[in-house]
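Listed next: structures, encoded as structure tokens.
The following pair of complexes shares a single chain, chain A, combined with chain B in the former and chain C in the latter.
Let's turn to the complex of A and B:
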């Protein structure tokens, strides 16, 4: 199965490992990601002001491009998933017809068909956990993993309809499939502080450390996420504090590890908090 | 600022955000769930109360609207379907559209440029600068 794929700006630079492991693990899991031939930034945040049509142009152009490739568009970055899905919903909203026309005229790319924005995790779930379990070559061996979803994967719930917004479980199910032990904790969908890390770092650090501490309290040895900013914030807040460190992985790195990717393919050198000693200690490398 | 100007501001905020402040019955669920509620002055429920009382200018002058990271917990848990994140976004827009940026892309720390994901820069500049 081949899916049109939108990597987004961060996956081409600071989160290369999220992207590369995602593509390689997909091949092992039995599907293929086909990058859109020409794409632009989604805008990274969704603007909710009712009159701000300019902010819709970027994501709508991506959706139009995707419609020329297929019916579904797969994303990996939580922010891209959030922005594209919300822009798509607004484009089809009742009462938005006139604005829709103005945006489409400006975008000047034909829509070949309606597009559905899906996340990589949803593709995996559709393939079925049993099918993925059969392809595991290196079990996580009971590793206690906290799946951290953050805000962007689950809210707003009425638009994303991704999972239970208060207790999402898709990533937990994946970790269990790979042989890990999902850790139940309180702040699965709590904010990491997001982009406040740029101009209000103390606020962002407080948010991130609260998530990490709670996961540790419930016994987590490692944390997985699908958002580049969550990954960065959770790690860098710990590094700034300088005490006990819990490694934070992209779920595609752990998926790739379990499906037998080579260590050199897993992109651990791009993790700020070097996870290699931890994985060796756990017998996973 | 006269009360007439203030009530005009409240209408503008309601229109931009698509929210009706009179829908809120001040249960405080939003503030209780807000991850930065204790660092946000005023927190969501009190910010909405200011608008209900027609004190829009006070809210626009506050720090609180700039501490919100739009995580959307408040609106998700609101029993009255009021989305404070949209209200805060509208308040920020009114200030930003008067050309008053809160972050300056020209003074980003070099180390941050190397470390922080692009996603954060784009989001921050789009949220907090003109």
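Let's turn to the complex of A and C:
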């Protein structure tokens, strides 16, 4: 199965490992990601100024490009997923017809068909946990993993329809499939502090550390996430504080590990908080 | 020869007269063929209004009247009675609804007057064809069925039984008392719930006029008001009720332990059990799902130790049939499953419990014999946060309505906690405190005076930190965000109708609201009747309410049943279907269409036969009949055609 795939800017820079593990693990899981040609930035944050149509042009162009490749567009980055899905929803909203026309006139790419924006995790779930379980070559061996969804994956509920926004479970199901022990914790879908790390670092750190500490309270040994900013914040807040450290992975890294990617392919060198000693200690490397 | 018809136009204060030009309508009505007089009055339903109608009927020797007023749902009965008093057959009085169907929904005065005239003309046409009818008399079986034996069902059953009529009281649990048996003390007087309930359960259990069927459910109801046939399914109890003495030896010897639902999973009971030691009937029951013997494994311990030899592993389900005249639904409530509020951590964060679990903790017969301790480690909690509206008034994740009893029981919980743990801190997070009841505001004041802290703001999140529970709340009066570290959290979960009660109501076609609460026939004036004749309701199955209100409503439902039993026979509306046997070919369309099982095709004669007492006069069969052989009395095809033709 081949899906049009939109990596997004961050997956070409800071989150290279999210992207690369995602592509390689997809091949192992039995599907293929075909990157959109000449894609552009999604805008990174969904613009909530209703009169700012210019902000819709970016994501709408991505959707138009995707429509030329296929019916569904797969994303990996939580922020891209959120922005594209919301822009797509708004494009079809009643009362938006005139604005839609203006945006489409501005975008140089034609729409070939309606596109559905899906997340990589949804593709995995559709393949079926049993199918994935059969492809696991290195079981996580009961590793206690807390799945951290942050805010972008699950909200707003009415548009994303991804999972229960108070208690999402898709990633937990994946971790269980890979042989890990999913750890339910209280801050699965709370904010990591987001972009406040730029100008209100103490506030962001407090948010991130709260997430990590609560995961530890419930017995987590590692945290997985889908969002480059969450991953960055959770790691760097711990490094700044400098006490007990809990490794924070992209879920594609853990998926790749379990599906048998080579250590060199897993991109651990890009994790600020080196997880290699931890994985060795757990007998997973 | 045309009938002499009178038209009476009611102003309904300004409800009609404010829109419809009444004097003009009266003048126009006088010109309708057959109308010999037309009058108007400010309130026709009032005593002088009815007198005007009676006197006019007699003076003008009227043979039919049309009252142009509000909906026939409101006053058809009133005016038909007035007509009858004046010597006119009541079915020769028709209502022209010019309020709901005209003045309330039309703003243009001329258009409204035009429309009102049309409605009056239609009804004049109808009354010209109406036949005088006589109500049908139906005998009443003077026995009642009460479904549910919580405090509501018990009270209704006792009131009916004490008036001398037999009652069949059906309860799905192994013993009676409902949720009230789980409670500790009751607001606002703090009487012990058990102490005020057990005399009633004992009386209901021993009453010579009450047939108590526990561990039983209503399977089927057929028939009609005054003459219901009920099938009741008695679940296998595996214990001979007559033989069991309730000695309790089996309860000590049974090797299986399962979580006790009665104790909200805070304690474990055996596979053979009774809900609580003072249960009525004080007999045990075997939980087949968990019993080793009944699951095909080797055991049989209870049968060996039972001195009364009461154990019956081969017990079977039984169907009991009863005939009753009235049915009281007292199917009760359940707590909203607050695990659905993901942010509150119920069921996963240790020491977050719901309000019924806290009742069990406070109860002297509960898991800690009335001492307040945490379920996780048995420690005495030094700070307890009570979270109100956990599911209530939450249209996103819970229910939009107010559960009504939570403000008061939360005040009680906090107060009782402070009585038991003197150095303990009780914090209540609330949206509004609602205390509309006798002694309620004073009770809430007492709680605040005795040191319970009230914080106004909705709780956003509850989570675990070490062995404590952290509550994120707000103090919206001070404009502050709060983080409270507590030892235990009690959620005031919303009240929802018991799902088994909702399923029963759906099976019996008793209307329920969007949340499953039983709908009363009129929200103000007929609060204990349903729209289905012969079915009455009381208790939390109809809506959240406290004990005094439940008991009052139960007595109200009982009074309605007794008023019915006080009559020598019931009357059935004579507007029923009649078959023209000359035309009927016995195709059976009518039988398939009838929702009331009132029409059957006689297999010998090949003709449809209407059982008039079961016919509700809906007219569906008349529409379904391809030959036009069934007509509804006073709604004949000729009459309907002329009504449309005006």
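Going forward, the second predicted complex is superposed on the first by the 285 of 285 C-alpha atoms of A that agree within 3 Å, B and C clash if a C-alpha of one lies under 4 Å from a C-alpha of the other, contacts with A are read in each partner's own complex, and residues count from 1 in each chain.
Going forward, contacts are C-beta pairs under 8 Å (C-beta built on N, C-alpha and C of every residue); 3 or more make two chains touch, one makes a residue touch a chain.
Being a predicted model, the structure only gives us computed values, none of them experimental.
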| item | value |
| --- | --- |
| Chain B versus chain C as contact partner of A:92, first or second or both or neither | neither |
| Which superposed partner A:161 touches (first chain B, second chain C, both, neither) | neither |
| Partner chain in contact with A:151 - chain B first, chain C second, else both or neither | first |
| Partner chain(s) touched by A:280 [first = chain B, second = chain C, both, neither] | neither |
| Partner chain(s) touched by A:198 [first = chain B, second = chain C, both, neither] | first |
| Between chain B and chain C, more extensive residue contact with chain A | B |
| First, second, both or neither for A:13, with chain B first and chain C second | first |
| Chain B/chain C common contact set on chain A | 165, 190 |
| Residues of chain B defined as touching chain A within the complex | 15-18, 35-36, 39, 66-67, 69-73, 75-76, 83, 85-86, 89-90, 93, 102-103, 108, 112, 115-124, 126-128 |
| Of chain C, residues touching chain A in the complex | 341-343, 345, 348-349, 397, 461-466 |
| Complex interface listing, chain A residues touching chain B | 8-10, 13-15, 41, 43-45, 47-52, 55, 77, 79, 151, 155-157, 165, 190-191, 193-200, 203-204, 206-207, 210, 228-229, 232, 236, 272 |
| Contact footprint of chain C on chain A as seen in their complex | 164-167, 184, 186-187, 190, 213-214, 217-218 |
